[in-house]
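Next up: some structures, all given as structure tokens.
In the two assemblies presented below, chain A is common to both, partnered first by chain B and then by chain C.
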Partner chain A sequence: MLRYTIKRLLWMIPIVLGVSLIVFTILYFMPGDPVTMIAGASATDTEREALRASLGLDKSYLGQLGTFLGDTFLHFDLGNSYITKLDVAAELIYRLPRTLLLTVMCTVLSLVIGVPIGITAATHQNGFVDHLVMFGALLGVSIPSFWLSLLLVLLFSVKLDWLPAMGIGSIRHYILPAIAGSLGGIAMQARQTRSSMLEIIRSDFITTARAKGVKENMVIYKHALRNALIPIVTLTGTQFGVMLGGTMILETIFGIPGVGTYIITNGIGGRDLPIIRGGAVFLAIAFSFCMLLVDLVYAAVDPRIKAQFVTRRAKK
Partner chain B sequence: MKKMIAFLLTAILLIGTLAGCSTKAPAAGKEEGSPEESGSENTGDGTEHGYKTVKVGISGVVETLNPLTIFTTGTWATLPAYYERLAALDEDMKTFSGQLAKEWTRVDDLTYDVEIYDYIHDWNGNPITADDIIFCYEKAIELSLSGYLTSIDSIEKIDDYNIRFNLKTNYIMTIENILNAIDIVSQKEYEASADQMAHECVGTGRYKVVEFAPSSSLKLKKNENYWQTEELTHYRSTGEADEIEIITILEDAQMAVALETGTIDVAKIPVASAKRFVDNPDYDSFTASSTAYYYLSFNVSPDSMFYQNKALRQAVCYAIDVDEIIAGAYDGAAGPMKSIALPTLPGYVDKWQEEDYYSADVEKAQELLADAGYKPGDLTIRLLILQNDVNKAWATIIQAQLAKIGINVEIDAKDSALWFSQGQSGDYDIVGWNITLPHMALNFAYGVGSTNFYTPETQPAYTEVLEDNELQKLLDACLDPALCSDETMDGAHQRIKEQAYVYALAYPQQYSFARKELHLEEPGYATNYILVPNTFKYAD
Partner chain C sequence: MENPKSFFEINDLVVEYYADGEVVHAVNGVSLRLRPGQSLGLVGETGAGKTTIAKSVLRILPDRGARICSGGIKLNGTDLLSLSEHDMRKIRGNDIAMIFQDPMTALNPVQRVGDQIAEVVKIHSECSSLEAEEKAKEMLEMVGIPADRYKEYPHQFSGGMKQRVVIAIALACNPHLLLADEPTTALDVTIQAQVLDMIEDLKRKYNTAMIMITHDLGIVATVCDEVAIIYAGEIVEYGTKEEIFEHPSHPYTVGLFDAIPNMNEDEEWLHPIEGMPPDPTNLPAGCAFGPRCPRATAECREKKIGLNRTEDGHVCRCIHINKTAQGGEV
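Moving on, here comes the complex of A and B:
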């Protein structure tokens, strides 16, 4: 397992390199001149060219690419924002805890609520509960998070005054955004769990377990769920990785200065290229780590996968 | 193995959860500020512990306290509280007067001497002298922070409190814009800061920063050791509140919620959400002009349909009914524009507001279209606008109005980066522009096109304007500080209007509301009508 982990970590290097190259190239050819944005409407051509030179944007594609890759991978420097002049890496680190907290809360809610209702739907297949759960899941993936966010604010902050509408003061500030952000995840987890469980429940070993008199709860939660976990783990890992950079809407509505708003609003909206590039590198690394973790969890969950590594080692 | 992995997973989730609970900033001494939860602890009259504390919501982000960085919407609102400049706009929003500068005198056309007060000091007691002024300006020039600074040829120190600015060019209000371009700090403090004062700053302003959560909130406390006397304190350095908390709220609907729940006491509220506060006895309301106005700029490049076709431009102008736009796009909360900037701007001649300005006349528009050599249905115009709901609304109304005279309009809404760059490329027939420079002459020069700044090669969309020698002579006079007058300004305005190089739409009104218990008498604004919390005035 250790060798596998190290190999996966080494594979991250070309992956991140590839992502960086693709993002850089897209940004290079993307319309929208950052110099024009920064310099403003009243800048003359001379002023724009001076600014372009000071930002290194007058170099050729290969010149700029070389500078970017060298700084990022040799000096671990993601550059400074064109607008604020702040170090991009430092800003990402500053914002990461809030995004991480929100992401963790959404993931936990998705699992804690989504998996049990998916199991319930599977064990009551084609019944009223099953239809109800699936209808709820359909609503969950259909409802836009920004709409739900505003509804939650109106209810819990304005009408009931139970929770704060925005901000970052305490864990209470994250409750509403976590609820809004987890609804889609709950729905997807429920559907995935139901689907996986239905496949497993029909297996021979489940029939055997029941025939041997094992209690139904044990059959479902110990035997069936364990075998249905692989797709659930995959979905959880993917959701987690996507949410790390995808919470921009929630962060904007609830006033949480996180990674999402930084990359999308500051970076893409302001054509602040160091932020976009730095954000892409960061997200590539984060997502790679998520997928590695998912693979390791596979081994923990499914002894057959773990046995493959042992077998390979034994063969050698 | 699986227990180890389970433990590892649990640990990661726990760390992730705990990490978000404690969100201390990385820089030493930086503290986390947070907006109060709803259910404010205010006593109800805006006072806490005997102080007047006010919480203001802004829609801009303050990411850094660095004085030498590009201004953003957030910093426009906050910088005046803790930093100061050589000169700044007065309360009338038209005239400049000295803030750190006692006075400035013209030596010749390209030379100005500036004298600063000899008793300025920052919060840490550092005296501010000519060396600090020159340091800040040279740094700003190196960082290309402001276009106005490119007019500076050199800066010399005459003595500790006198500086000479040698200029390359001197247009109307050049020296004022230079003196107002950047905030001044002590060179010693700036260089001692590890991050250019990004998270902890030392300024000369009326307020000190006591807590700063980047992109979230900023807490300010009145500086009891402010250097200037009460009589000579500039409007921009005033401050009646003892403590100010400025909270960033990006979402318009949330701004209204925050005001309603007491998370903030004052905010600018968009028109769509303003209705529930307007006649509400719990709030005081204030209106002001907004700089979110737009004008239509016709592409007069040689390959454009509008090139040397005044009749076609005028046909479009007469087809537009600005009253319908005000009612439909601005919900009635706007006034018709007669030129491409606000009537409150220096250089704006008051009589323009009373003039006729292309009143909607469909028949006349149709005649002009025929004079231009086109039949209904011949033309399709590509209109570029900045993407937002209001702009889409007025563009759609214009589309319908031009359809009445047989002109098809394709609307292209882009984000700010693309709008900026593609709008200047000459690819669109009409662009909905916005320009907010501090003098009408500068707005004419940059917004309509002056040969002082543009050439047909670099700005092809302005070609006919740049070839209009009569207009260019008038603009040259408007830009010359010695020649600019109401007559020259009116001459340029009339030429631009008569040639229909642009069509001015409407300037929206903006609403600000304050909780009644705050006793806010008058909010203060920056040049772009962003709320500036430290300049608020309260009833006794």
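Moving on, here comes the complex of A and C:
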């Protein structure tokens, strides 16, 4: 298993390299001149050319690419923001804990609420509870998080004054964003759990467990759930990865200076190329780690998958 | 045919399935009796209701869409159908155990095989996890698997070995009754013989009664004392193995025996029973076998046929046996 993990970690190098190359190329050929954006309309041609040279933007495509890849992978330097001049890597690391906290809270909520709901729906298939859950899940997936956020703020901050509307002062500040951000996740987990449980519940080995005299809730939670976990783990990993880079809406509404606002507002909004590129590299690494973790959890959950990892290694 | 020595009996069991607004008449009034240590073969084609009978005994039919409509199932005088779910759980795996048809899917793929055996021991006896593990290892050895494979998973076992594990689970608590649902159908012939021998040995050792569900008359001949032939959810012929094999009386049973190719003759064609089993949502009015029966007459289509006693004493659901003296209904 250790060798498999190391192999997967090494695999991340070409993946991140590829992502960097693609992002850099797209940004390079994107219309619009960052120098004009930074210098402003009133700047003279000489000022602009000086700025262009100081940012290294006067070099050819290959020259710029070489500098970028060299800095990124040899010096682990994602460059400085064109606008604020701050170090992108440091800024990302500084903002990461808040986004991470929000992501973890949302993921935990989705799992802790979504999975039991999905199980209940599956064990009451076609009953009232099931229909209720499926309707609720549809609603949960459809409600946009920005709208829900505003409603939550209106109710809990403005009307009831229970929780702060924005800011990052304490863990209480994260409660509303976590609720708003996890509703969709809860709904998706419930649907995923329901469908994968329904498949497993009909398996022969579940009948075997019942025929052994195993208690019904043990049949469900011990025998069925572990077998139904694989798609749940996949969904969790994907959601986690996506949220790491995509809590921009929540971060903006609740005034959390996190990774999402940095990449999207500062980076894309300000056409600040180093931030966009650095953000892409960061997300590629973060997502690769998530997927590696997902695969390791697969192996822990299902011995057949673990055996595959080992045989694949043996063949090499 | 009240049998005072019987410890297990099924009386007039009726089971229905509901699907898409239709009622599937899976089991239509089946009665069986078993003495301790006795083996009964339940023979019939796919869909005849054999597995449904076994699952009804353990009450593990699917919650939704299946219902035991009437009848009684008694074990040592206790009516299993009226037990609470809690009491029924104490019977499952302990007094009555089941061996399933397909060993490939009958074991939990993410649990160690040893733990799957130990689980049933732990549920039904007041013992520690360690003792349950010891017992599970003992069971593994007994079915011919080295105890050091306790920690392996089902995917590391061959089909025959998986079926041995399933058998070990079934026998771990020394059940009084073993329900074997086509235990060898999914196995190749050499493994079949081994598994059957093993079931026989263990059965004799613990004096376990068995209901062997199969469509293979060869297996019946090897392991069973009595035979019940099932057709469309009804017993059409019921007697000792000798009676049935020597004097098959029901046209369906006769058809089954005729369908076995005779190895001593150079036969070019097999002899199937013409026609198809009846649609269980829409059974014929009279004899269920009537539409396929070479002997059917107008009388067969009029009313349900009862079980009649044949000359040698076993029973048969046909009015065309002993044409002269019709046996009394049983």
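FYI, the second predicted complex is superposed on the first by the 307 of 316 C-alpha atoms of A that agree within 3 Å, B and C clash if a C-alpha of one lies under 4 Å from a C-alpha of the other, contacts with A are read in each partner's own complex, and residues count from 1 in each chain.
We take it that a contact is a pair of C-beta atoms (placed from the backbone, for glycine too) under 8 Å apart; a residue touches a chain by one contact, two chains touch by 3 or more.
These figures come from a predicted structure and were not determined experimentally.
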Chain C versus chain B on the shared chain A, clash or fit after superposition: fit
Touching partner for A:Ala178 - first (chain B), second (chain C), both, neither: neither
Touched chain A residues, chain B compared with chain C: B
Touching partner for A:Leu101 - first (chain B), second (chain C), both, neither: first
Where the C-alpha centre of chain A sits as vertex, the angle toward chain B and chain C in the overlay (nearest 10 degrees): 160
Chain B versus chain C as contact partner of A:Thr208, first or second or both or neither: second
Partner chain(s) touched by A:His223 [first = chain B, second = chain C, both, neither]: second
Which of chain B and chain C A:Ala89 touches, first, second, both or neither: neither
Touching partner for A:Met166 - first (chain B), second (chain C), both, neither: first
Touched partner set for A:Thr46, first chain B, second chain C, both or neither: first
First (chain B), second (chain C), both or neither touched by A:Ser54: first
Shortest span in Å between Cα atoms of chain B and of chain C, once chain A is used as the common reference: 12
Set of chain A residues, in rising order, touched by both chain B and chain C: 301
Residues of chain A that touch chain B when the two form their complex: 1, 31-34, 36-47, 50-51, 54, 81, 83-86, 90-91, 93-98, 100-105, 107-108, 150, 153-154, 157-158, 161, 163-174, 252-255, 257, 261-262, 265-266, 269-271, 293, 296-297, 299-301, 306
Sites on chain B touched by chain A in the complex: 1-2, 5-6, 8-9, 12-13, 16-17, 19-23, 25-26, 32, 34-39, 61, 63-64, 66, 69-70, 72, 143-144, 147, 150, 195-196, 198, 213-217, 247-251, 253-254, 257-258, 260-261, 263, 415-418, 420-422, 424, 433, 435, 437, 442, 446-447, 453-454, 458
Footprint of chain A on chain C - complex, ascending: 55, 58, 60, 64, 85, 89-94, 97-98, 100, 102, 105-111, 119-120, 123-124, 153, 155-156, 166, 169
Residue numbers on chain A that touch chain C, as the complex places them: 125-126, 203-205, 207-216, 223, 226-227, 301-304, 307
